[in-house]
């Protein structure tokens, strides 16, 4: 007895293949949608902003006159911010990762730390802003300083750096560690001389990606109250400052149409900044590709 | 906006020469250093922004930051002692005075300019030209109903009114609330924002919208916004300075800590610069300057606090 | 010869014996784990800090506002002169509107992209498309917000004349674009981890690629895909700048998406940039809202965790 | 077994009807790697044809070419022809899906779908358009019986197929294959991942199946080939060294290399 | 080779001086798994001791216990004693680092550090506090010569060790080990990942090294054990079945199991 009519199956095959073809096209179109959006986004920002991207734009502070508005304070401010965020978040992140990967045994405390990190990764950035406002700006009285914003951002990207560093450290094969122990090296010597050098490209790549998130984050800065009318450059960690996304936010909200173009120019600077950081990450990734 | 631009250019030239003069003869002034921080009214902010911008060219090493938290928000910080001066679009309230006293902060009030609080609609709105204070009350006081233009004037369209108002922390809000609404509640449907730019954007995009904010913001966006006459009087320099545009014209202030003035040479210098230039800046950004005597009075008060 | 060698041997071992810093090394060895544990505890402290500040200030808030009024009130009207109303539902509804629109955009597009990448794309096109998705995921939200306000809203207004300049639709769509890469790449990971042998099994029965994708791979990767969607939803709920710039600041308890709304995050930003001074009820309200937001995202993350753990694929 | 009684070299017309697969001068390259070289092979109806040879000789490649699964590797190039039921499967208008509904395949590692046992079996019929629940029920039962696993699983058809043991999973895969009532079943080392007892069960099953299906089986286990197949092809380095009745191959092979391999001298 | 001429059972004092490792009633558990059972084994100076046995019998575990590397597995528990040069290595105040500076180890898979050849060799001296560049240079040359690889690499000491072939890498690992002039060298299947030619080179090297070092080598290759070792221990299931001179073990083992294993009957 036959249930499957192969003749009928063959007849229907064509239809099924056409459906397959149609869906393939739909899936492709959906994928291209993302590319299209990115294209439109870049096109608009470049076409609007490029006219304002003059040398003066980099030399001027903000201004109420669109033509005179510049990004100097914000750009330098963002660089200052990174100078706090990078060391703080990398030291904390890598330290935590080393602890979890090399020292932590499977006990309750360490499980709690692990679980806590994965939860922290999901906390919205605006909530980190509230933390920064309450603890750094107010309780520790750091004000709207580079340091307060830097600490806030560091905590924000900490989980990303930890997870990235953990992966990089885990990727160092056990046998080179054993080789080092076998030579009589202590644990810390092994970590410093063997594990970290091998893991560092991975750590740096992850860290740069995390830092580029910190460069673009706006909400925490708004919440901790970073000002925008700033006509000076910070000269120490307790200086007030402004940052790229804050400046862009301010411009974007202004009603005069010309400020939209200024805003686009600001976005371009921000995107170029990010692009440079990511290129460095990719460069490091390719240059120090794992050798074992 | 064109005329406005040319004034801005003028100011720029003037300060340009001043700057040259300053660096030319008085060395000590040019080498001033220090930090000055203020906060407060968003209505005053354009004047402040202009002052800060120009002042930065004169005294490169003095760091002036001016936050824009609204008059009330500014006073909070001023009371907390985190700022040296606080901008306000209304006179200081008694509660605020009391709190300042409690905090041991002596202060001095300076007038910077005059502002006409302007009621605006979109350029696309072709029905509203002139309203009465009564009309404004009808529109803006919360009474539990959904307001339509036709409720105010039967000839106006049967469309819902969309409201835009400065946030409650702002002096502009307080002022409007006091003189128009008699401290009743503002319609709940209103979009409130501390950021006047948001209001401008909201109103200009919707022909059923109405909003109010400082005269300067109106001037800067004349091409997309239409100022509504109040009881037949249009807001402009003359009507505001003369007080004819009533009840919606008002002075703008800054409040400075006396102690900080005495201790912080940079603050003193900035305030001196501000009073010297406030009139020009006010005009440049669309407000109305005070009579010169007011500024001179201010400067002599300041001198006494050095 | 043996003698000579043993003399040599002594040399290095002796150098080692005599080398300084042995004690120091021992101390370092003892100190390091402690230092690292302290460092690792920063992340825990951060969580405590977040939960602590949120709770402390929220408790103060609830001294002035009754909890049921907060939880079930349908009016959020903190700026009133006479009677401030703190019913959080309008803010939650605003958040959910944006999130729902984002999901409607991101889930079909994201999963379709994931299917394309994992089932149809050649290696070469995958190598081009994936980095582009990464770029899309790396665009700062402020840029998206600007894009929503200055491009998407005007564009939508061409089709929906009623659309207000601030509305839920435009930021919703853009938040959708923002979370799309996340769904696409996590779902693609889930689908790629379905072993090829299963795919081959289906193909060998005469399935078309579509049938393999929809009837075999998709169900097999379902928990991973669901987890990715839940995580993306959590992201959408917490998204701030896009909704602040393009969503407006009018909390409303309705289902309209063409008019101005306010989300929880946007409220926090509104109050922070206005900086309601210390001590006012409004000031504390941002912590109560922040706490609510925190609970929402915590729940989502927990859900994602449970889904991907409990319903782990069997193969 | 009428077919088997036919002698080699019978008149072409007669043979044609009973020939399932006629491979003609088949060459296959993975990129530059020449994996199959000038294969000529005729596979007959209702026989078990075993393919043996050392690792890497092209056994899997050949069997995967028979249902064109090999084309999943993007670098694959072929020349020559494979006639399945007298039609060249490489013809531009021969749909692979059509071919694969007639030619089932069982893989080395059991690869059930991560679905219930029932859905595993019903998968094929369903995608081919059978929706009727009763018919599906019957197909499932018949196929599971056919794969000699009905008794073991009939009470838990809704449990996930991955909860079964490896040997059971492999029989589920065979049942899944039977469900679309194929003409030929290809098996690539179907027992190499199984324990001895499961292997035995599957071997018995193959013996039964050959009454209804033509079976081509790749195996590295020479005893298995000897036990279950009617014909055996010995592959070496991508070439067919010898193809003959299984007893001939294992008793009196013509080629030295075959003998060496069978006697365990290499491979 | 004076030591080898000593007979079994000589007066304890005399033997003691030449005994490097004295394992006494050693038991080891991985969690609940009893991996080493009551091991008693005395290893002498300047001999090559081979450890053979089927997979999983505990060879690696034993050799890793000798330098306490086995403790990297957190679940490990031990009882009994291992006296290294008459001091129990399990003593609370015996630092593992100190032990491991005297006892070098070479692993199954070559595992040079991802550093230059020079830095690989200098690693050990450096971590132990030797910083003088000239001293290091000398140590590096001497160690590379000792590992019979100096000529091959002397012109590219700064290249990464991973650019070398597997056999060269393994000799680098041996050189790295020699650089701290250990007393004993432990080797865990040091040639199992190498091709025959490299294996030969490493075996020759071991033969030379035994003049200066005591060597304990795990191997699964019985010919290798026979070729290079002086003594052989046969492990089975975590126990030492037999321990004797290599020629005795391979010609006239006392235990049947040893004979079975050596003749290839299992394992």
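Labels for the chains are A, B, C, D and E, by order of writing; each one numbers its residues from 1.
Everything that follows uses one rule, which is that a residue touches a chain if its C-beta (ideal position, glycine included) is under 8 Å from a C-beta of that chain, and two chains touch if they have at least 3 such contacts.
What you see is a predicted model; the values in this text were computed from it and never measured.
Trainee: Between subunit A and subunit C, how many steps is the shortest route if every step has to go to a touching chain?
Mentor: Steps on the shortest route: 1.
Trainee: Sort the other chains by how far their Cα centres are from that of subunit A and give me the top one.
Mentor: Farthest from subunit A by mean C-alpha position: D.
Trainee: More C-beta contacts across A-D or across B-C?
Mentor: B-C
Trainee: Just how far, in Å, is the C-alpha centre of subunit E from the one of subunit A?
Mentor: It comes to 48 Å between the two C-alpha centres.
Trainee: How far is the middle of subunit C from the middle of subunit E, if each middle is the mean of its Cα atoms, in Å?
Mentor: Averaging C-alpha atoms per chain gives centres 52 Å apart.
Trainee: Between subunit A and subunit B, what is the separation of their C-alpha centroids in Å?
Mentor: Here subunit A and subunit B have centroids separated by 38 Å.
Trainee: Can you list every residue of subunit C that touches 2 or more other chains, as numbers and ranges?
Mentor: 206, 208, 211, 273, 275
Trainee: Residues of subunit B that contact two or more other chains, please.
Mentor: Residues 67, 69, 195, 198, 201 of subunit B each touch two or more of the other chains.
Trainee: What residues in subunit A touch two or more of the other chains?
Mentor: 9, 13, 16-17, 186, 189, 225, 253
Trainee: With touch defined as at the top, which chains are paired up in contact here?
Mentor: A-B, A-C, A-D, A-E, B-C, C-D, C-E
Trainee: Which part of subunit A faces subunit D closely enough to touch in the complex?
Mentor: Contacts found on subunit A: 2-4, 6, 8-10, 12-14, 16-17.
Trainee: Please name which positions on subunit B make contact with subunit C in the complex.
Mentor: Listed in rising order, the residues are 39, 67, 69-70, 72-73, 75-77, 79-80, 162, 167-170, 177, 183-186, 188-195, 198, 201-202, 205-206.
Trainee: Okay, in this complex, where on subunit B does subunit A touch?
Mentor: 1, 8, 35, 37, 45-46, 48-50, 52-53, 55-56, 60-69, 82, 195, 197-198, 200-201, 204, 217, 220-221, 224, 285
Trainee: Sort out for me which residues of subunit C touch subunit A in the complex.
Mentor: Interface residues on subunit C, with respect to subunit A: 25, 28-29, 32-33, 35-37, 39-44, 46-47, 49-50, 53-54, 57, 108-109, 112-113, 115-117, 119-121, 129, 132-133, 135-136, 138-143, 145-147, 149-151, 177, 180-181, 184, 206, 208-211, 231, 234, 237-241, 244-245, 265, 268-269, 272-273, 275, 286-287, 290, 293-294, 297-298, 300-302, 305.
Trainee: Which bits of subunit C are touching subunit E when the two form their complex?
Mentor: Listed in rising order, the residues are 1-2, 5-6, 8-9, 11-13, 15-16, 19-22.
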